[in-house]
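Next, two complexes with subunit A in common: one pairs it with subunit B, the other with subunit C.
Up next, the complex of A and B:
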């Protein structure tokens, strides 16, 4: 029994409330307690790394009656990704959010979103997952519209409608699963489903689940909300949404449900491959034509999420490793790029590439970090993106999917092209007359940018140097998925039901 | 209190005298019914959420019948927001106190006999915390809907 597991949800949830109470006395307190709360959760998630698979029974109610929390290899990777990015994003927002009026409310919503994401990651119960998914989603709807300008509210409303539709679909899937099995505990439902013959009801439930999670993770053709919502949000929120939210409540939840509950049948895996490949291609080509910096990054997120989902859909050990590695890397470089674009917007007041240029002389730190992020995502060695994309292509080849390998390589070139476009129009060239007086960003923003750039570089080198990184972060997660693929999730079921 | 009584006599705000008189009669019963639903939540249908909604309805009725000044003098938006947070905090604190019984959210208090009012350990306490949270939050949402308006630009005038 590990009492840290409920704290991962309890600390951010409790602090979001305490923060609002204390902020009525002094607004400055929020700047201290909110980042400290996220730091505490991030430290706890690193502390848990390497612990063996454990289940936690909420309130002492044993499964399948009570809510079970589960910590395993896949959880450990996601917890570290979510909480590290969250800490750097909230530290960045100490100075970035100065221009908005109610900073304490921002921190509280941010902490609620984090509590929801951590909840989705550690829960072992379908309905509990839905509840946490809604906490994270509703907090993110509010955060997208935080600027309360016309464009932001429109994006937030669009996200709200489509996100609620996704949630309804997921709830429908849960309801059908409950109708067929009589339980909402994931492990118990998996056992029941293995003992009854395949039915049309469960096929429909699988469709509802996949559609809901695909909408939450912004896969083509369910991506309509993402290019509006992600650029409209304040930069740290964009970094959270693109960097971790679509992975925690989209890709991760999809993996859990498919590999541990429904079973990874050939149809489910092929749907993942098709959705992934489609997003990868469409997102990449749509990003080429964008002139708004953050919008380009949002389309790029669709493309990169496509890589990740496609790699998981291959259904091989190498595919799982590649997918998890790219998931990890994408969280690092996409949040870095969004925070960098926020820094550029903070310094210059615009994110329109046509009005920018020549920033490299004025903003040395932001320029360096933007280049680091762009090189990582385009797959230039020795940055981390190179290794994960290479792994994905190798995984496609070894699975005999030559077309997918060629497509992944082509889109990688397209990625390089649009990031060159972004760097050419923002960092290099001539500095417009209006932007002569801009200054470098303050310390908290610079710290987060540099930390994420270092992560991008260090992870690439660490993976290249030795197997330690892979053994520590990627192998345990891949083993969980492999257990679902080869072993009917037997280890998962025994660790949840056995305690 | 005096101030509220004077404000409620102000005929320019709120609805007609008929609505005001009837509201004055039923308000306390709605409030009482809300408390009943909350306190008996663990042994009869209902609970913190349903009771909290009923409590907030009594304040909403007050605001509709007598105008926002009277309702805000009874419970200001500051305290609505504060109670909202305190209710949520109370629930989380109960969850953490459960650790003394071995797990997060354990029912660590004496359970009593099923069917009696004082029974079921922490469940009535959770219901009360939820009721505070829900009633204050719904009332705060209603305040938000009623006291904030759109800024009318010069052109529209």
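Up next, the complex of A and C:
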């Protein structure tokens, strides 16, 4: 069973090279093999669901010498989220990316980014995590600038400079951890750190790690690059960046390092709460004033990532469940919204809300899916966003953080307001004369939009109906975090080092 | 130990220089140089972690036994890590340089404060 784990990185990494070679023979072939490769990885990640925690030692080198890959509850949730969204995004790109030249290169970069994200999710080695993080990041810098126009290049360069700074900070954290423990294996480092007294060096390392990951996940006050980079990218890439990249290489990596290596001390958790609450509020209010559809969605991502990080920072079982559930849901509805905005841009040629309007008559599918996404993210029952936001608020109340609960509730009203603004100006009202001849999007785009809308609705209903969804997806992940919180990550350490 | 700690301090100064160039300079190429200096400072830091005065290469042959080797040899792991990190840095540098060229083609300037179409 655990021999599948390396394939999750190997298939996209290998196919990104093979795809480039084969595309010299025929351009059309990339349209087939790239989505198939992602589909294969997505199927594998569903196939692995429910298997117990297993470790895989690369090349038969036992820890702490070799690189360990680990599959546990947290990994399983992230793998499913990342690969499902990736498949729908790449299927969508088959038609959407037609207007760009050199589509095969897009597929290769996309596969590289996916390989990096899967690598970050399954690795049990700090330096290996850094390498995969860089693979995913460098591919995403290139993808943001894929249009090579003024705005794309500017956004991509800003993202690249800040991203490199974040990576350097993470590497500094790894170097300091290595200096204190003499190992880069996460479980081994955790064991060593528990046996030595807390030091200023490790406090500095924790600061470097948190700063690096907060930059990668776009938390306020490290968010400056995000509202430029995410809207400038092509729509499927925006969906990947906002939907899963900031979670896989930002939030997930932060959780792993804090809960499994450094230890979730009160300071670390409080930093997460403060960063989360700040992002939630600032992102929400900045989104209100935007007139560019994708820019509004990018600010909304900052706000929603804030919800997720804040919920994890509460340090309670319910908070973990709520955070994981919102992470899952945000991946679904934010990629849906970015893909919908891409569909609107594809049909009309603009994403400026002031020049849109009345699209509901012309684009029935896109309209329905945009409404589904907007209702989910603003927390209208029975869509999934309602339940996860409710859980976050309940978790805040049960942790005794009344102020955070009130803030979360207020910001969800703000979310509702700016999404009403978006729907009012794009879908309803009067159709501008220029847009009389627009047509509905082609099948691959419509398929991805509908699939994601169905996921948004079905997950909401599944959560409401019974505990199966929660037991299958959320509880195992929450238990991993709880193990880190209550148990000094003993289960994690024994499953990596033991066997 | 005096020698080593002054090396660490100079290493920190190098890192500070990189961050300064990254934040304070508006010229794109200077920003890129700042990123590179920062990366190299971290690489140097990693190498310093494995450094030993009068250390030997971590290769065991018939002239030395394992216990002696462990005492005298430098730590090989940081060297392996730094090699990887240098390659990653090269990839980033190539991408940054390519973007700088493209940005110059589009905006006809290297001044970051004039490259400001994205607002809000």
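Note that the second predicted complex is superposed on the first by the 498 of 499 C-alpha atoms of A that agree within 3 Å, B and C clash if a C-alpha of one lies under 4 Å from a C-alpha of the other, contacts with A are read in each partner's own complex, and residues count from 1 in each chain.
Operating definition for what follows: a contact is a pair of C-beta atoms (placed from the backbone, for glycine too) under 8 Å apart; a residue touches a chain by one contact, two chains touch by 3 or more.
Computed from a predicted model, the values in this text were never measured in an experiment.
Peer 1: Applying the touch criterion given at the start, work out whether A:56 contacts subunit B, subunit C, both or neither, answering first, second, both or neither.
Peer 2: A:56 sits against subunit B, while subunit C stays out of touch.
Peer 1: Counting residues of subunit A touched by each partner, does subunit B or subunit C come out ahead?
Peer 2: Of subunit B and subunit C, the partner in contact with more residues of subunit A is C.
Peer 1: Considering only touches as defined above, state whether A:145 meets subunit B (first), subunit C (second), both or neither.
Peer 2: A:145: touches subunit C, not subunit B.
Peer 1: Kindly classify A:285 by the partners it touches after superposition: subunit B alone (first), subunit C alone (second), both, or neither?
Peer 2: neither
Peer 1: So, A:24: does it touch subunit B (first), subunit C (second), both, or neither?
Peer 2: It touches subunit B, and subunit C stays clear.
Peer 1: If we overlay the two complexes on their shared chain A, which of subunit B and subunit C does A:161 touch? Say first, second, both or neither.
Peer 2: So A:161 only meets subunit C here.
Peer 1: Now for A:6: first (subunit B), second (subunit C), both, or neither, which partner does it touch?
Peer 2: A:6 sits against subunit B, while subunit C stays out of touch.
Peer 1: Quick one: classify A:134 as touching subunit B (first), subunit C (second), both or neither.
Peer 2: Touch partner of A:134: subunit C, not subunit B.
Peer 1: For A:428 in the superposed arrangement: first (subunit B), second (subunit C), both or neither?
Peer 2: neither
Peer 1: Within their complex, state which residues of subunit A touch subunit C.
Peer 2: 127, 130-131, 134, 138, 141-142, 145, 148-151, 153-157, 160-161, 164-165, 167-168, 171-172, 175, 178-179, 184, 227-228, 232, 289-292, 295
Peer 1: Under the definition above, what is the set of subunit A residues touching subunit B in their complex?
Peer 2: It comes out as residues 1, 3, 6, 10, 13-14, 17-18, 20-21, 24, 56-60.
Peer 1: Quick one: which bits of subunit C touch subunit A in the complex? Just the residue numbers, please.
Peer 2: Residue list for subunit C touching subunit A: 19, 22, 28, 31, 35, 38-39, 42, 45-46, 49, 77-78, 81, 84-85, 88, 91-92, 95-96, 99-100, 102-103, 106-107, 115-118, 120.
Peer 1: Quick check on the complex: what are the subunit B residues that touch subunit A?
Peer 2: Those in contact with subunit A are residues 78, 81-82, 85-86, 88-89, 92-93, 95-96, 98-99, 101-107.
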